[in-house]
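Listed after this line are the structures, all set down as structure tokens.
Look at the two complexes coming up: chain A is in both, with chain B in one and chain C in the other.
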Partner chain A sequence: MVSKTEETQVNRLENQVDNGGGGAWEYLCLVRKLKLRRSDKVLKHGLSILNDSTKRSTLGSEEWTLYEQVAIAAMDCQCLDVAKDCIKVLQKKFPGSKRVGRLEAMLLEAKGSWAEAEIAYSSLLEDNSMDQVIHKRRAAMAKAQGNLSGAIEGLNKYLEIFMADLDVWRELAEIYVSLQMYKQAAFCYEELILSQPTNPVYHLAYADVLYTLGGLENLQSAKKYYASVTDLTGGKNTRALFGICLCTFAIGQLTKGRNKEEKD
Partner chain B sequence: MGGELRYQIGQNAYIKLILHALKHRSSAVNGVLLGRLSGGDSNPVVEIADSVPLFHSQIGLLPPLEIALIQIEEYYGAQGLSIVGYFHANERFDDSELGNVAKNIGDHIHRYFSQAGLLLLDNKKLEALSKGKDRSPVIQLYTRDSSKSWKLIGDGSSRLTMKEPAANIVLLDYISNKKWQDIVDFDDHLDDISKDWLNPELFSS
Partner chain C sequence: MAADLVLDTAIRDWVLIPLSVVMVLIGVLRYFVSKLMRSSQLPDAKIVKEGQVIIRARNLRASANFIPSKSFRARKAYFGNEENGLLFVPKGQAQNAQAQMFSDPNMAMDMMKKNLSMIIPQTLTFAWVNFFFSGFVAAKIPFPLTQRFRSMLQNGIDYSTIDVSYVSSRSWYFLNMFGLRGLFSLILGEENATDDTQRMMQMSGFGFDPSKSLGAEKDGLDIIQHEWALPKFEQRAEATLRKLIS
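Moving on to the complex of A and B:
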């Protein structure tokens, strides 16, 4: 997760680079470190370094890291020719490398050649069945084709092996929510809360799912989780504060009806 | 029996929705339409006067939506406008189906405004916009029929029209100026309450 200070730092640097103030390499390193998706900027500034042989040579062995970064950014921007060129340079430098093989498969994926990409990923998995990135790529590919049940199946299989991968639990939860499978999503968030009990993000998401499920019991626990978010963030989370109001109102509505019935 | 119900969307309402979808290209987004019913029985028109961009993450969750709808209704009610429909843009480019979440939200709005329309972003038309001179909105209209299901109204019927005929030209201008970076939706507002979901600055500068 990216903190507020890191975000302002990266935004300031991006502004500086955009206006020709230098620091392109620092910016690209920071984007990589924080795992941000700013593909158009990475492509533009990365290429400006790669196309300048003096700048490029100062990077030393980091040059190849940049080729990889730009290749992935180019695929995201659908500049497939640029991606292809970067991958070619890497192939020449590292013949037979699995990491470059992964990029080749991703290029097939970016082109929409799903079947060929699938074959490429499968053959890479034969060499190393524990390659986490490839497992994730395959799930992402299913999602990109609109095959959400396939993506769910892939992620569940992945989680049987790599249970501690929190990002994947979160991705799975979000797919469940988009399919309105709230009970399953709640389960994922329970796992996340167990792994990181002090992270308010998961408490909030869990409370939102419980509220969406509805019913007195769920509303009451949703309210408790909103309260814990408020506690963990020192009352600075607006969503949680609104959540408490909504829960209180909904619980009031439900119990009001109930009391009347009892009186009748 | 009166004439067939039509929908007319104002330029600002239209541009806000499309820019919102462009800002969050890699996720599904939604928004709500504000307006009123006019024209009487003989020529009924749902005038969409304004729109509010809602969310770009986790659209299927209820609490943020309820908060947004309560606040939006409160604000626009004072101006005599009410919620008259819903806008949705799918996550994937080649997905042109109306999803279940969108239908459920549409059903909810329908309960309070029975002429409610559901708009879905037409990605292909949006992509072709810069090449052609298409003046029709780059969105598809769905209405709820008597069997309680949402039905696509074909392009040819022109049931959905633009109030200002040059809206697409203005939109293209905004796109080339990267105006979509400035749009604030309800998600942004909930993360940072100083950001205004009414986007008062968007069309002023």
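Moving on to the complex of A and C:
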């Protein structure tokens, strides 16, 4: 999670760097630390440091971290040539490194040569079957190919070991929703609520899933979760307010004709 | 008479400064040696999984009231199942893990390496200090101290008449050994390996048994009473909305 102060700091630095005010390296460090995805900015400012040999040499051994960061950002922006150059430099410096091998596999993936990337990832996993990043990349690759059930399988296998990984639960929930497997999605959202009970985003998503599932009990639960979102956000979430209205209406439809005690 | 004890400047040049310099150099050397010997050890899937199970069970226990009771019961059964639940540890296996830890040659090797890089230089420097520098009054601290500090500052000198603010050479060695950590983190980077106290903590934590904490989590889950918190939220939401309107 990114705290408020860190967010303002990042935005301030980004503004400063964008207007040519310096501090690019601090900005890149902060982005890396907070794991933000601002690939275009990272690519632009990282490259400006890497192309300037005096600036680059002041970084010392951090230079290689920057190469890695820029390479990943470049792949995200589809600047495959830049990524290739960065990886080449890293490979010259660290021949046989697994971390560089991971980057190469990612480059293959970015190019869209799925089969080769899959082979590369598998061989990396053979060396270290506990590499979380590679497991996630494989699932992402399956998703990119449109093979959603493959992605689900991968994520489930991953969660069997790393079952406290929130982001993966969230990803899995979203895939389940897109496949209309709402019961499974509900389970994932429950898991997310359990680990962060005061995060309204998860409550809202869970309520959506429950409402979609339908049925009296689910609708009542959905209404409660919409209410909790309203409470947690101080009544500023329109979706939750609308959700409460819809739930109330649907419950009213279902319980028409029954006696009033059951309505509650 | 104790107050006007004059220290020879040669003591400063030949005892105090060499001792500190040697301590720093040994610290740096040890850092690099331990860096060379450190083997990157792959985490075992089972241990990682147990750790993650504990985190998840703890989350479940802490915020059980935020999910419907049906879901809670399903999870409780899943975790605490007597046959194949995640938190259930078969009897006899607990002992096994401990034994396996000691029979694993890699683990023993790792421990020995750590010990070697810690104990050998320490004994050597201590012997060296004892041999060459024993009995020197090496320094004077600029403020008076009570008698209780005598054993800390005048280790190796058995005169009770010397003022406590004088530091003996052996005590200077000990002060350096524990006090140079800040300097090391400055010159070797934050995560330097010379942190003795931390390592000792790790040593005592060795032999930690994950199955025990699994059992504890299971007991915690068993006694927990589920009370769904969400119905309360409806009233609270109503209150917040009312406040917003008014």
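Before moving on, here are some points about what is shown:
Going forward, the second predicted complex is superposed on the first by the 243 of 264 C-alpha atoms of A that agree within 3 Å, B and C clash if a C-alpha of one lies under 4 Å from a C-alpha of the other, contacts with A are read in each partner's own complex, and residues count from 1 in each chain.
Definition applied: contacts are C-beta pairs under 8 Å (C-beta built on N, C-alpha and C of every residue); 3 or more make two chains touch, one makes a residue touch a chain.
As the structure is a computational prediction, the values presented were derived from the model and not from experiment.
In the superposed model, A:F162 makes contact with chain C only, not with chain B. In the superposition on chain A, contact of A:D208 is made with chain B only, not with chain C. Judged by the touch definition given at the top, the superposed model places A:E171 against neither chain B nor chain C.
Shared-chain residue A:K223: touches chain C; no touch with chain B. More chain A residues lie in contact with C than with the other chain of the pair chain B and chain C.
Judged by the touch definition given at the top, the superposed model places A:E14 against neither chain B nor chain C. With both structures placed on the common chain, the touch criterion links A:E104 to neither chain B nor chain C.
When the two complexes are superposed on chain A, none of the residues of chain A touches both chain B and chain C. Chain A meets chain B in the complex at residues 37, 144, 146, 174, 177-180, 205, 207-209, 211-212, 238-239, 242-243, 246. Chain C makes touch with chain A in their complex at residues 42-43, 45, 48-49, 52-53, 55-56, 59-60, 62-64, 66-68, 71, 75, 230-231, 233-234, 236-238, 240-241, 244. Touching chain C in their complex are the following residues of chain A: 128-130, 160-165, 186-187, 190-191, 193-195, 197, 221, 223-225, 227-228, 230-231, 234-235, 244. Touching chain A in their complex are the following residues of chain B: 26, 28, 58-64, 66-67, 91-92, 94-95, 99-101, 104, 190-191, 193.
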